[in-house]
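In what comes next, chain A is part of two complexes: it sits with chain B in the first one and with chain C in the second one.
And now, the complex of A and B:
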């Protein structure tokens, strides 16, 4: 088959795996510099992973298989996403499998595994985190689904490479009302799904506000490394998805190695810029009160619904 | 002689034999014999369904069986689908039931009456889709309603709530029967015959108003059987209070027949209709989907939660059925076929996982005596197999890969998204909302089943019942194992259904689009293509999981064994089970989010000590999420009826003379009316 396609997948997964901790490092460093601190350096998340992996694995008393298997499952779903989402090429051997609904469902599967692990500990923190996370996820998953549907309607398919290739061919789709509404909705949903401000603060351990950290409080050593790595992978893939959907320029659509390499460079740049922009924005944002978060999410769900309706109406009259 | 009549005759014979055995046999062997015979009913009925799915058809008339009308039977692929589903569920649940009854003694499901009725209920589930005339259909429909009612009542000695649930169920199912009877009477009178063939050929000549009336009457009756909002009130009462094997049969086989009736009458007999029919169906379906899952998210009774989830899933199915009607009305038969196929596939998948979930809930109830999730927990260590089976069913119910519910919701979403091919303002408004409903309900379903599994089965036991739980007996596990195998097969190789799904769709006159074939699903229409391969997803996930664990092993420099450590306790001593999150607290954020819809009732009672208002002696907190639709819709009617009954009591003063006077007065009035009237 096409070796370039396989190369593209290997490059993409390699870049995501190697780059996910670096992206987090970059975001922390950006934030530190903007706040006037020196920062720990871009490589610090990798050092953390290495340190944690070498520690002894610990099973808290009273936890079971759900607790034990959630971190590997989280990373595994993120890895499958890294294979499926077209970040650098739409002409890969998996292009037929990269269905949008599957991608959203795999994201949800990772969330669900971690929530079950939180409940499995039987502590107040674990249950609290799981409860909050599922309440947020129950609103976020539909929003992501709806937002990307709005984009899939002009393309006539829920296949991600087809959507991305279509948008690369006709950039006008992105500046249509449906496209703009979908961008706004998806951006909010990505913030919530990856546990960033203003929905969740990844740097807090305050019981009043923490969501993700409360669920994973009992993890230590290699398991903690996996949980953190999984979260970093998800953030990278989601930002990459955002970049691919709304700035698809440069993504390779043919079987040319040069184009793939160029696309890789561009994808890294796009994700880095998005990450830095997010980090810079976070400096100025405060975390929302937990019970104001649903209002934000409901707003973004509404935007996504409007986007789908707009694309039905506009697509129905112009697109046929 | 083809397979279908032989299998149906076998099923009938076994059902009647089972009923006789239940009546006659002593308690020691009753459960086992009736269970085997009921399983036989399921296998035989399922075999005839599979034969019909394989393409054979059968119809027959038995003139002597019923006076006046005679009985008519016909089996096509659509009937076959529902018979195959019911057969599989009945067979597996019967195996489970033998184990369930064994430890229960002579009360509840093991009693003489319940054991005699169970095979008849199973038989009626299989025969209703085979009926081919109004009288045959209604007779079997009523047999199904009555037998299920007696089974719901089985444990009435143990809990008073059973009786209330049974009254609700009896009233609602018979109101449904009245509507059905009225609708079919109008239909048969207009069509000039009561066999389905006569109805089919007569529907073309009927006026739109009569057709609309027939559709509304029958659709409302069928939606009540399917447990759709606002006629769902019986479902969250009857399903939890019935013995769990019966809940499984009701929730996984009986409610399906509401969908069957809707499809049979709406598409096959009436031959489709105007858009407003299907918008009505979609509205009820969409409302049920969201409201059902919201109530499930609030429920802390495990079986009530599952019952509301049934309401949700039937809502999704009817949403698909309604969309099919809408597409058909717009002239896009291929898309209509796809939507209908998605709805039928969801019926199959829902039956598989819901039967499994109800059986697992029954095992929990049997082992702990407890349905309240707040008092369960810690079952993972005590009932590992049941926990695993429940987890498998829950995976199907949350509609995430690699569960079986995901497959059909994927197909449903595909058919909705590509509704763009149907022009018009109605579809442009309705379909986005429908997609939003499906998306929202699947998002909430994730929270619901995380709650059920995580709070009910994981962590530590919160009460003595859960702490003393033991694994279920082998036969119960075997029954659940059969259902679990079915779930796994449907999830991984949906192509097992083969062309059956297509034939079922073709039976009501739509072209099959072959959405399910081989190892996966594919949608191929003019402007659309989409492919889903569940096996590939599972294989990739497994490879990724293996890679991750191997890397972690390799990266830890020394080979280290896992050490055990205390949970983080903030330095305050080991956390007690009372500190763990309960189902109620788990649902609290969602309750806040949907506060306006759910209107929860909260009571806080603070009792200060006598000496100071600032020192609190006792705080009493009560939180209740009433079924708001039920509250608003049923309560006024019930209050009115009760008030009317109360005021009518004044007429009954206890004096025999007055009663004789009423009789005399009534007779005279009647005679006067007759004389004047004629």
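And now, the complex of A and C:
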């Protein structure tokens, strides 16, 4: 393969790893400023990581391998996602493996690992969080699949780089009914998958209302750092995927280093803008009653299904 | 005003039943260890017109037993359990003869309020099993929460029996913060009792201080100047304001809408700074003193108007938000009959259709009565939100009205003539949470022989599990905040 391709992957993973905590910091800072608070600063999540890594790891009595292995597994799946998802270049050595179904499975694997860890602690909160998380995941994963399927029909492949490259060539695909429906569906699914308002409140201290946080209550020290880092990576990758699928402009499709560097800059910019827009929107939202969450997710699944239907019947070219 | 009747133990249930039937409510039960007898005082109140009737019962100190009133009044049953735990007085035929206040590490047979109790003993072996009622059935599981919580809140243990996400039964076990306040009052001078009264529940400094001062003034026969009466009514409304604003914000925060909380807390901070200029303390301590009031400055009407506008904006935005409205509506309904049976007070009662307000029933003076008492009947979180929001408007109007009849600096009545013999007094005040009742007895030398404060939380806590039946677990924090009961005022 080519050196530029490898460079692109290294740059992409480096940017995601360094940028994930910064993205969370940026989102918190945006929210704080909009609420009239000073905020802790963009660097705070990195400071938290440093603080947590200095603490001793604590394993609750009676927990087993599921609890032990969930944090590394979550981070590992997120890192593999960071390699596979075409954020800055579609011409990388791993493009053949960046299949949609692999991406969704890796997401589900991370979710499952954390849910099992929540159950493994044997506490009421862990089990409660796990059951809520799985109920949400069961609705979210098919939505992500469906929404990206809608985009894969015109491209004729479930390979993400092919879909992205196709969309970059023909931007008209994105403004088609199928494209717009898929954007809406995927946006809701990303909110739910990353535990944001209105599905889950990442800032709450109320243990009985938590979804994602309830599963991770027993983690401390370096394990907690890994869990939080994994969640930040996932949010970054998901927002990046959203940006690549629906605003693929600037993504490098050839073997030019300059194009890759420009794409990196643009990707960082796109994800930062998306993150700030999400944080700004969250200021105006409130958390839904838990039993209304399935309604919201079922709605987004319906949108995804409509997107697939529309793209099948209305999609003119490249259907085969 | 206040009448006292000596009754014997046999007559007590009959007399109590008659009083309850005539529309009185049991406001307070206090036990006293006199030299020759154990004396119980049951205070029944009703209003308007302001009526206070006391039933005094004398018991044999060797065998302090009294027929239970629990079958007549639910609060009476709670007072009796409290008396049993603190004084060792046995309520006969009590339907729930279990401990209430008693910390489970206190040695058996040690009663902290008994004159021979001495210093608190070391924590002993846990006293007997005290199991939670277990709910069984397909898919029923338990969630234990607390007493240490994830947020900075007071300690309380909650045991949820849940199927899926729906609460079948909630048991709240509180009583982790016994401070021995009633014992600490004993033997203090009247002046030294005031700081203690202000600290019974930190957010109700004015309410408890005022109830204490009223009781002391009745006992000593002190006349309070009208200006001081108005100043006290004004302070009471200022306290209502800062607490209600904070609650409105936190209710929004609990449904994930942080921005309204940020603004409500901004308004609260303005109010706390205003409090600081008015009394020299952000939580209004020092404004109410025995015999009168001591204000430094008066709130400026323009500032109050600006605060009122801000709060109305916050309320309008909250109610206009469809998700918030949806989360509040129909959540944790406390029905009117349940609220009446439990004996709820304050905004909890008023949100469930009971127009309970001591400012109307037991007014301090001709001033300080709200023009209207907001009442809602739906009994859900929305009703408790709306009652608070409307009370803020009523309080602001009242402050504006009272402002003109108040003087700054110490306003004190003539010092009372040194009385002799034991004397008693009762104070009834509509604190921001509800009606506070304090009963004081003075010893012959003018020191405090016995002070019994009752916070409205003592009456309202049992209503929380009732309201939560069939509510879902993630709505518990919201419901809890909508009640916002005091742990410290509940467990003296």
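FYI, the second predicted complex is superposed on the first by the 313 of 320 C-alpha atoms of A that agree within 3 Å, B and C clash if a C-alpha of one lies under 4 Å from a C-alpha of the other, contacts with A are read in each partner's own complex, and residues count from 1 in each chain.
The criterion applied here is as follows: a residue touches a chain if its C-beta (ideal position, glycine included) is under 8 Å from a C-beta of that chain, and two chains touch if they have at least 3 such contacts.
Being a predicted model, the structure only gives us computed values, none of them experimental.
When both complexes are overlaid on chain A, the residue A:34 reaches chain C alone and has no touch with chain B. Put simply, more of the residues of chain A are touched by B, taking chain B and chain C as the two choices. After overlaying the two complexes on the shared chain, residue contacts for A:287 are found with chain C alone; chain B is out of touch.
In the superposed model, A:152 lies in contact with chain B only, and not with chain C.
Of the two partner chains placed by the overlay, chain B and chain C both lie in contact with A:128. Legend: residue contacts after superposition of the two complexes on their common chain; A:7 is shown touching neither chain B nor chain C. Shared-chain residue A:108: touches chain B; no touch with chain C. In the overlay built on the shared chain, the residue A:253 is in contact with neither chain B nor chain C. Residues common to the contacts of chain A with chain B and with chain C across the two structures: 124-125, 127-128, 217, 290-291.
Put simply, chain A touches chain C in their complex at residues 31, 34-37, 124-125, 127-128, 197-198, 201, 203-209, 217, 283-292. Chain A meets chain B in the complex at residues 50, 53-54, 56-62, 64-66, 72-73, 75-77, 79-80, 83, 96-97, 99, 101-102, 105-106, 108-109, 111-112, 115-116, 118-128, 130-132, 134-135, 137-142, 145-146, 149, 152-153, 156-159, 217-218, 220, 222, 225-226, 290-291, 294, 298, 301, 305, 308-309, 312-313, 315-316, 319-320. Those residues of chain C that touch chain A in the complex are listed here as 141-145, 149-151, 165, 252, 254-259, 262-263, 266, 321, 323-324, 326-327, 472-477. Here chain B touches chain A in the complex through residues 297, 377-378, 380-381, 398-401, 406, 410, 413-414, 417-418, 420, 423-424, 427-429, 431-433, 435-436, 439-440, 442-444, 446-447, 450-451, 453-455, 458-460, 527-533, 536-537, 540-541, 544-545, 547-549, 552, 555-557, 560-568, 575, 577, 579-581, 585-590, 592-593, going by the rule given at the top.
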